[in-house]
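Read through the structures below before going on.
One chain, chain A, appears in both complexes that follow, with chain B as partner in the first and chain C in the second.
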Partner chain A sequence: MNAPQDEAPLVSVEGLQVVLPTGERSEVEAVRRVDLVIRDGERVGVVGESGSGKSVTGRSIAGLLPTSPRVRVNGSIRISGQEMVGAPPAAWDEIRRSRVGMIFQDPLTFLNPTMRVGRQVAESIPPGREGDGSARTRAVHRFLEQAGLERPEQVAARFPHELSGGMRQRVLIAIAIAKLPALIIADEPTTALDVTVQQRVLKTLDTTVADLGTSLMLISHDLAVVANMTDRIYVMYGGRVVEEGATEQVLHEPRHAYTQALLRSVRSLTDDGVELYSISPELRRQLAEEAVDAS
Partner chain B sequence: MLLEAKNVSKTFRSGRGTETVHAVRDATLRARPGDFVAIVGESGSGKSTLARILLDLIPPSSGGVELDGVPISAMTKKERVQYRRHVQAVLQDPAGSLNPRKRVEQTVGEVIRLHRIATTRVQVREKVREALHLVGLNPAEEFLDRFPHELSGGQRQRVLIARAVALNPQIIVADEAVSALDASVKAGVLRVMADLKDRLGVGYVFITHDLPVVRKVADYVYVMRSGEIVEEGAKEAIFADPSHPYTQTLLAAAPVLHRARSDRSLDSTAREV
Partner chain C sequence: MKAGLLHYGRLLLSSFILFIVVITVLFFLLELAPGDPVQALVGDVPLTEEFRERIMAAYGLDKPLWERYLIYLGNVLRGDLGYSFATNAEPVLDIILSRAGNTLAIAMPSFILSTLGGIVLGSIAARTRKRWLDGGISGIAVGLFSIPNFWFGMLLIMVFSITLGWLPTHGKSPYGQPGIYWEYMVLPIITMATTELAYKARIARSAVIESLGQDYIDTARSKGLSSRRVLWRHALPNGLLPLVTVSGYSLGFILAGSVLVERVFGWPGMGLLFVDAIERKNNMVVLGITIMLTITIIIVNIITDVIYGIVDPRLRARLAPKQEVTT
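Here is the complex of A and B:
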């Protein structure tokens, strides 16, 4: 890569539009003109409710949208300056091999059930980087350990179904960091886990990302989780980014009506003496109109 | 009316010759109409098994469930039908609990017909409308003809609550009924539940791993771990002064968004523990 590209942000998304088929003749504009930037070493959160387009945005950046001719992607996704919209699959493979690791909500759908964990981590190490044979095996153990798994030799010999949910999620973290990627995209990494396990997995993600200096894109519907882990937040609704800002600022001085309502409902679930609040149909109508105006 | 689980145990055998798993051990629990009782615990704690026993979906290995002192096991067939009407279920995953090929009217209407709450088509439709209205699906006409896939997650959960409420139950056993919902939708469904409690005197056995929600809505809390109830008490007492170490761990782990500006926006424990 040449010099000017090195100065480009790690990820720069401009005017991203993603249209996905929902039925034989129907489709949905899942992402509508999204602009998003992730700089080197930065931790960025994307929050929104189901259907807000947050996961589709994350998958777009990892080049993991469904491969159907009916999936349409417009706009620009540049990774370290390299334009990826319309790039051939081989270019995406290269990005995923060495630049971007992804962690999903459900590790079982991602992990190969017939392959021992150690081999799955090993496959994610670029050939030759850690040497061969025992050096490579040691590297696998190191990554498992870094992902918070004790006795990595034993874990490496297990199959995914022999591990608990929290351990499987850590294996995904190990697979992601084994690439030494510039960016880890974590999509609801702890939503399916118990609270005590959730906390430990987040802590692991937190420290590994910090140790490696990796950028993080954390996607979640859980504002509390995102708030604790990120420097900056994008709030999405109906496929659009409705608000972006420093995490602290978005939490304490939300500008957009949706962010305000979201915060109000999140707090109404925990704060004493506050009536339970859900976003009103009027506000949802307003947001829908706003979306029409914006397009 | 009093619903009681008395010294209920349930053991499972995961395979021939393998060790038995004690899913529930000697659990005793009480619930009344108008009470919001919560069972909290992590996955594998046995809380869902206890819920299934309360709902008479599976029999306990020992101990029993009683309604006003009458054990389910001693009930006549007719009394059992009555029991299932009084104690209704709202389960997790509304998509899985709703028949994808049935419209809302049919889904709610069939239980009304089954329990002979109404018989003629006009009466049944009226009852369905009432139930949808109660759970905030207004106007009901807009939802009657919809299939599950034409509803949002929150709406599907409301349909399940409507189906339960249509039978005028005294107690609803809700197993992770709001866990999968977005914050705003969750708040909406909880408000509906609280409203039914206030207006109709419905009681709840609310099973969840979501402690902040329990703190918000419950009156009385049971904490389960590895099949055992390790702590119980009035909500205020449990949250202000948890005595069991496991309860303390659970409380510390729950991520909560704080109001105060000085906090680093979240429970500091989440970072430091």
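Here is the complex of A and C:
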């Protein structure tokens, strides 16, 4: 899983700042001076609580921020050496068509309800790569199968509402891999699924990424998910990266107080009778002061 | 299959009940309306009591109201809309059918033009939301929607017929010529379509904007599809549902609106016939046209319901539930 360190990174984010509108005249700085690197074949986890800026960072790398002119992005996002901040829409389309695939959180709402599954996957295959007609259809079935779906011919003919939650998430995986991307960004890919289905979907994602040799950016608030599937972890809080390092090191020897608190808040089945740990107001105050110092 | 049959069975039954209610209400309303049908029939001449009684007996007007109602209802259900008082007892159905083609000749192109135009303009406005093009389209749509179509028709006559002399003002063909000439259709079609087009453009804009904000649009964008393709392949098909409803109603509005437009352009369709029948208290023709419009609207509603199922597979599934596939 470990990637060579001396190659130019697949994704290089420097000083990323994203400002999003929250109302007619209000806005929020969702991401503040984030630096992040993903190398070829590397698996990177991004963890943090809700509102920490991890999804916005992932969407910024995929060029999938809201299209409003009030959204401001500063800093640098380089994908395969190409600077993408300020790039025209056609350049982003090309990156998304061939380099970056995205798996979203809720498999029901992120699939087009009026389009058959097969067509939704076929759209993700770059034009001309698999030929047309039956060759393209065979490719669709192959990607559905690769995403862990049995009887892909039947699944391709279905509409999303005719599939279970786990199957829908596998369809989203098939859509992401159909373009044979260099990077897959999985944004909380199992949050909306039953616990029993989560493990199977994660296993499929793990196998698929390994088979394709694709880089993975796994965004999650679930430390256990990220621990098992990534080489490095970025811990985010309040739009900033507060800690970064090898997964083993961050999980076992956390340096930052927030990471330590995050790890303490993880629950286990053997914690019977132990009070739930929550991050203290003092720590939040300390993090807020750090954010002010950093700016 | 069974659920589908049950749904359409219910729909047909409720449509039939609506049809009977419309006939009943209209029949009694027209009976209550002031005026003397016998006088309307013979014209502005003095009537003897004996002659009046003969005419009333001949047309069944001497029978009690409830009996006339039941006879009329039975006849309508057999396809007999009665006889016109004013035109030598000609069957009402024949009179209406002779005019229906003329009305449809301008109503259907208006319907198609307003629907397609509304979808295209609304989609463009949605795609360029809050930019000058959206502002222009939305502003013009509000303006056109606010203009009464009879006034707009007169404005078109002044500009294109009187000032520029490009198009004729009146009728459906040159004097004495049979058939319909296209240059006579242009202004009535534009007049009929404009208000509906403006309304549909507004609805399409809102529906597409809402659709563009849905999560599946992010998935479409993540595939690297161009914004145009995202709009036409993903946002529009999902935004079409409210437009299907509006289009269904719109055909009814266009047909009802033909009353004024045909009057302005002297177009010999059902609208002009309707106005003429009201003025002459030709109740059977008024009732007949209203019944035909009711039937048209009921059919359009049923077609709209079927189109719903085609456009949105989730509705189709509700009528014929399939086993959900699981892993």
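A few comments on the model shown:
The working rule: the second predicted complex is superposed on the first by the 279 of 295 C-alpha atoms of A that agree within 3 Å, B and C clash if a C-alpha of one lies under 4 Å from a C-alpha of the other, contacts with A are read in each partner's own complex, and residues count from 1 in each chain.
Everything that follows uses one rule, which is that a contact is a pair of C-beta atoms (placed from the backbone, for glycine too) under 8 Å apart; a residue touches a chain by one contact, two chains touch by 3 or more.
All values derive from a computational prediction rather than experimental measurement.
Placing chain B and chain C on a common chain A by superposition gives a fit, with no clash between them. Judged by the touch definition given at the top, the superposed model places A:115 against chain C, while chain B stays out of reach. In the superposed model, A:150 makes contact with chain C only, not with chain B. Of the two partner chains placed by superposition, only chain C is touched by A:94; chain B is not.
In the superposed model, A:64 lies in contact with chain C only, and not with chain B.
In the superposition on chain A, contact is made by A:224 with chain B only, not with chain C.
In the superposition on chain A, A:44 makes contact with neither chain B nor chain C.
Look at A:287: by the touch rule set out above, it reaches neither chain B nor chain C. Of the two partner chains placed around the shared chain by superposition, neither chain B nor chain C is touched by A:183.
Angle at the C-alpha centre of chain A formed with the centres of chain B and chain C, after superposition on chain A: 80°, rounded to the nearest 10. Once both structures are fitted on chain A, no C-alpha atom of chain B lies closer than 6 Å to one of chain C. Note: residues 197 of chain A belong to the chain B contact set and to the chain C contact set alike, using the contact criterion stated above. Across the complex, chain B meets chain A through its residues 42-43, 153, 182-188, 190-191, 194, 209, 211-213, 215-216, 249-250, 253-257, 259, 261, 264-267, 269-271, 273. If you check the complex, the residues on chain A that touch chain B are 49-50, 165, 194-199, 202-203, 206, 221-225, 227-228, 247-248, 251-252, 261-263, 265-271, 275-279.
Interface residues of chain A, counted against chain C in their complex, comprise 62, 64, 89-90, 93-98, 100-102, 104, 106, 109-115, 120, 123-124, 126, 148-150, 154-155, 158-159, 161-164, 166-167, 170, 172, 175-176, 179, 197, 200.
Chain contact summary for the complex, chain C toward chain A: residues 214-216, 218-227, 233-234, 237-238, 311-314, 317, 322, 324-327.
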